[in-house]
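Dumping the structure here so I can ask a few things about it.
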Amino acid sequence: MMTALDSPPLGLVLDDIVRRHRPRSEAGSLPANIPHLSSLPFDRFGIAVATVSGDVFSAGDADLPFSIQSISKVFTLAMALSAGDPAALWSRVLREPSGTSFNSLVQLEVEHGIPRNPFINSGALVVTDHLMGRYPDAAGEVLRFLTDQVGHQSGRKGPFIDEVAARSELSNSSRNLALAHFLKDFGNLRRPAEAVVANYVRQCSIMMTCVEMAKAGLFLAQGGRGAFGAVVSRSEAKRIGSVMLTCGMYDAAGEFAYRVGLPGKSGVGGGILAIVPGECCICVWSPRLDSKGNSLAGTAALADLSDRTGWSVF
Amino acid sequence: MMTALDSPPLGLVLDDIVRRHRPRSEAGSLPANIPHLSSLPFDRFGIAVATVSGDVFSAGDADLPFSIQSISKVFTLAMALSAGDPAALWSRVLREPSGTSFNSLVQLEVEHGIPRNPFINSGALVVTDHLMGRYPDAAGEVLRFLTDQVGHQSGRKGPFIDEVAARSELSNSSRNLALAHFLKDFGNLRRPAEAVVANYVRQCSIMMTCVEMAKAGLFLAQGGRGAFGAVVSRSEAKRIGSVMLTCGMYDAAGEFAYRVGLPGKSGVGGGILAIVPGECCICVWSPRLDSKGNSLAGTAALADLSDRTGWSVF
Amino acid sequence: MMTALDSPPLGLVLDDIVRRHRPRSEAGSLPANIPHLSSLPFDRFGIAVATVSGDVFSAGDADLPFSIQSISKVFTLAMALSAGDPAALWSRVLREPSGTSFNSLVQLEVEHGIPRNPFINSGALVVTDHLMGRYPDAAGEVLRFLTDQVGHQSGRKGPFIDEVAARSELSNSSRNLALAHFLKDFGNLRRPAEAVVANYVRQCSIMMTCVEMAKAGLFLAQGGRGAFGAVVSRSEAKRIGSVMLTCGMYDAAGEFAYRVGLPGKSGVGGGILAIVPGECCICVWSPRLDSKGNSLAGTAALADLSDRTGWSVF
Amino acid sequence: MMTALDSPPLGLVLDDIVRRHRPRSEAGSLPANIPHLSSLPFDRFGIAVATVSGDVFSAGDADLPFSIQSISKVFTLAMALSAGDPAALWSRVLREPSGTSFNSLVQLEVEHGIPRNPFINSGALVVTDHLMGRYPDAAGEVLRFLTDQVGHQSGRKGPFIDEVAARSELSNSSRNLALAHFLKDFGNLRRPAEAVVANYVRQCSIMMTCVEMAKAGLFLAQGGRGAFGAVVSRSEAKRIGSVMLTCGMYDAAGEFAYRVGLPGKSGVGGGILAIVPGECCICVWSPRLDSKGNSLAGTAALADLSDRTGWSVF
């Protein structure tokens, strides 16, 4: 149930959120398998909210770029759905929570090459493969889309791909290559496994600030309408929200729905994107992760913000 | 996003829903392992809506009692949470979607006796065991609660336990006995396996009409307030909603969230309970099931109703 | 390849085996879930060999009775096969290695209630259920068979059931009750789950000495012929040997075949029965177990004995 | 138990085996995923026996070359063990039956990248990777070894790699590439995934006749001694036999041990290699397969031959 925002004003609330949730110790972990993410200071913390009325509030390190990693899956999914033939895409990937690790091959094998949802790695590879059917340079197209949604910002760089990090991740992509070849074996990958993984890794290596991310995701809070018109239809926007709520937080989707009550998508770079339908889009970032791979301080901050504002879909 | 209800009036909408969705053929299946459910006419179809403003609308067979089966898990969970020490309960059962069959032993073994959520059978047995700590006659207590919420109805019987059906199901409960002994082996069952299964089966054998069910579940749409005050706290009500949305429809939770967009809980008796937070509680019933065990016509009717009214949490 | 036994004489070899392998420390573990097995001194070690020529050699604690536990499964299988209709039995249980824990429910579920082999617990319950079709007091019948094979021994008690231990194990049999109810759910158990588990536990609680066990198992080394004629046919004897070799040592069957090269069956009481086809039957006992549940010193002793004598089927 | 071979002479027995077991219909299946194997006439059937006394008996199509496929795993394993540091190899691959499909990724994931045994595909890739540490052209080395063992045969071609078939299989190796990248992800592959798979596929594409295969495998029946001295030590020869018996027939190892009672290794090309320790090496070939992927007529022929000759290790 969503309630109107009362005093205190949102800007002050965000300042207080930063005060309370900015980490003071090295609690939590960093992703061991991605070298360039493991050197970030533990006390980075930023938050931004973009509202349907056009305002943007932010606090903390909301203007520092971070690696969006799996949050890219939300945008790739939206673009793949608008690139054409959603029914064809949904015949290749389900929309059910996975109940197992995000990069598991087990469920893929049991379910004969049909990934459980678009947000586990195997599902994201299928979505990228689908998008490549229209845009062979899928990662470049995702970057263009994000840049458009964010808009021109004088003196700012805007979203960009960290190509050095992408190359580093690509040389360390055995698990994703295994998933891609496995999908290929089941006939559920059209393009070469190596090309799909390369595009996937470059999408994950996009760098954005909390402010940029909140603006880029706003279309999901306003029925699919983005900065330049409809990105997806109203019903597709609602449906992406339902996939985020049930599958967006790795193996902690239920726990996140329980504590926060909002559609969300996290990445191992420490970012979380959350949607308040009809109200606003929230992005929080802090690099240290809990045991499920979600930002430790970010999740706590969103639970706190939901309690203070009453923002929840339930 | 929830929208105000426009014309046509809800009563007419429900009449039309019945016209369009009442089954005309024997499509779908009946639960093979529960004899007394397998003789129902294929064209039974009822729907009822109880609103927060106190109105009740209904159409079709909304006054015929049906076996609530797993929908009872919602009420048992609410009562177990209000019976005391929710933290103790949540240490014994998770809140994550299962990704496997509702009565599977596999995940229980992999996760060392901690069920994934309260709505798979193993989780419901743990919830019943917890409730029995306060009310040894857990099934009787659930029935009393439901009767209270429904209120006195002149000339009507009210909810009741079909004791003949319960005995029949109990003699056919090898799977649930296996689950209960397995939980016991992991130290996650306090009372004797046989007693917990007996209570569980009697809860499942409660008979209610759509109208009664819609009234009984209304507390979940109004922040935990039921017919005689708070059943659970506002935050617990929201949290039960989140568990319904992520885990309420067996292995089709994601698909239901995608098509309908509401917290729901189904039973193999053909009933589905759905919540529109802040607005109303819906109950639909039609006995024939899809391949996942959810009412075929009921799911289609809820998707249609959600489209017509705009009711969705996303 | 089997070779004739050269000097030194077997009695001296066994004495030396005891000297080298009797444990000198508390290495290894005792079965935590079976109280009466957890108090045995760590340095118990016995070995006996019964040959097809009628000799019996022994050394160490070869006359102390120990709990045969899962070694009983070999004898129950032989009796179930001779009790009639082997084809019916083999339609209810496979003969393949399991690749998972001996008391796992996972594989049973994946394979729809057909246990992988007669030596995992679920398979042994099916074998006991089959034997109960002819002998309702299956455990008593197994005891009678063992006593017959061992023969009269003046001043000795002979095999017996430790009824106190059996009652203790029975009150702690949640896992086996879960397996039995699960088999029942799949239609692969004829008698009541509780009765089958009770018989199974009593078989496991039979107490025997190494000398008695070596004599009782000798029929498997001499083509099925026991003390009073054929126990099973020559081909059934060979087949029981093949099941022992591929499935007899829990999840270490391959390792045991690799190190020892003989058909064997172990129990968590620390006993191991091994067969040298055409030559002899060996029983070794020492209570402390390795991580797979097989006797630590017993396995090492058999590997050593195999190396010294050349006894191996390969 | 092995018995001396009585009359009738082995040559006549083999002739009769061919008469009884050469397929008369298209029963069984051909491997759908390997095009060049799917066009073989259903009635091909050959058998050969090479004895430790130097004789070779054969019947049927024993001089037609067939694709050895997974039988190559026996020879690669023997060579990898003799290439150095067996302990290092056995730390990277277990010796336990798998209980799941030969090319499954599930068990590999559950067991953190350590294959269950050297004869499932993941294990064979590790063995090839180990062999490549000494011989980068592992497939060429295996071919040289086989050619040496077979010896010069005037007017005959000897073993050869079907390079056209190898290229075809390589272009269809998504599953093996997935396994190799998965092993790499777990740190259990030294060389590039693509190179290991290429070597593996070329080994599988070696073409041999039954006569050649029986001669090449003879070292396993004579304690490791091959045509030009020791291939492996006596104890390694016994151990390879134990791995064959427990893991050599895909998911039918137990059934094969039960029916035939000999260490064996099959390939989807329809060949089976079987060892009678101290006596002889048998090769049978017929292309149509049973549901587990083993030669239908070949398995039946070996069971028959075992019954007639008494050849069995049990």
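Residue numbering begins at 1 within each chain, and the chains themselves are lettered A, B, C and D in the order written.
Here is the rule we go by: a residue touches a chain if its C-beta (ideal position, glycine included) is under 8 Å from a C-beta of that chain, and two chains touch if they have at least 3 such contacts.
For clarity, every value in this text was computed on a predicted model and none was experimentally measured.
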Self-check item: Number of hops, chain A to chain C, where each hop joins two touching chains
Solution: 2
Quiz item: A-B versus B-C: which has more C-beta pairs touching?
Solution: A-B
Quiz item: Just curious, how far off is chain D from chain B if you go by their C-alpha centres, in Å?
Solution: 56
Exercise. Measure off the straight-line distance from the CA centroid of chain A to the CA centroid of chain B, and report it in whole Å.
Key: 32
Exercise. Would you mind pulling out the distance in Å between where the CA atoms of chain B average out and where those of chain C do?
Key: 49
Exercise. Can you tell me which residues of chain D touch two or more of the remaining chains?
Key: none
Quiz item: All pairs of touching chains?
Solution: A-B, A-D, B-C, C-D
Quiz prompt | In the complex, chain A residues that touch chain B | solution = 1, 94-100, 107, 116-117, 223, 237-239, 241-243, 245-247, 251-255, 257-258, 261, 263, 277-278, 312-314
Self-check item: Complex contact set, residues of chain C against chain B
Solution: 104-106, 108-110, 174-175, 177-182, 184-185, 193
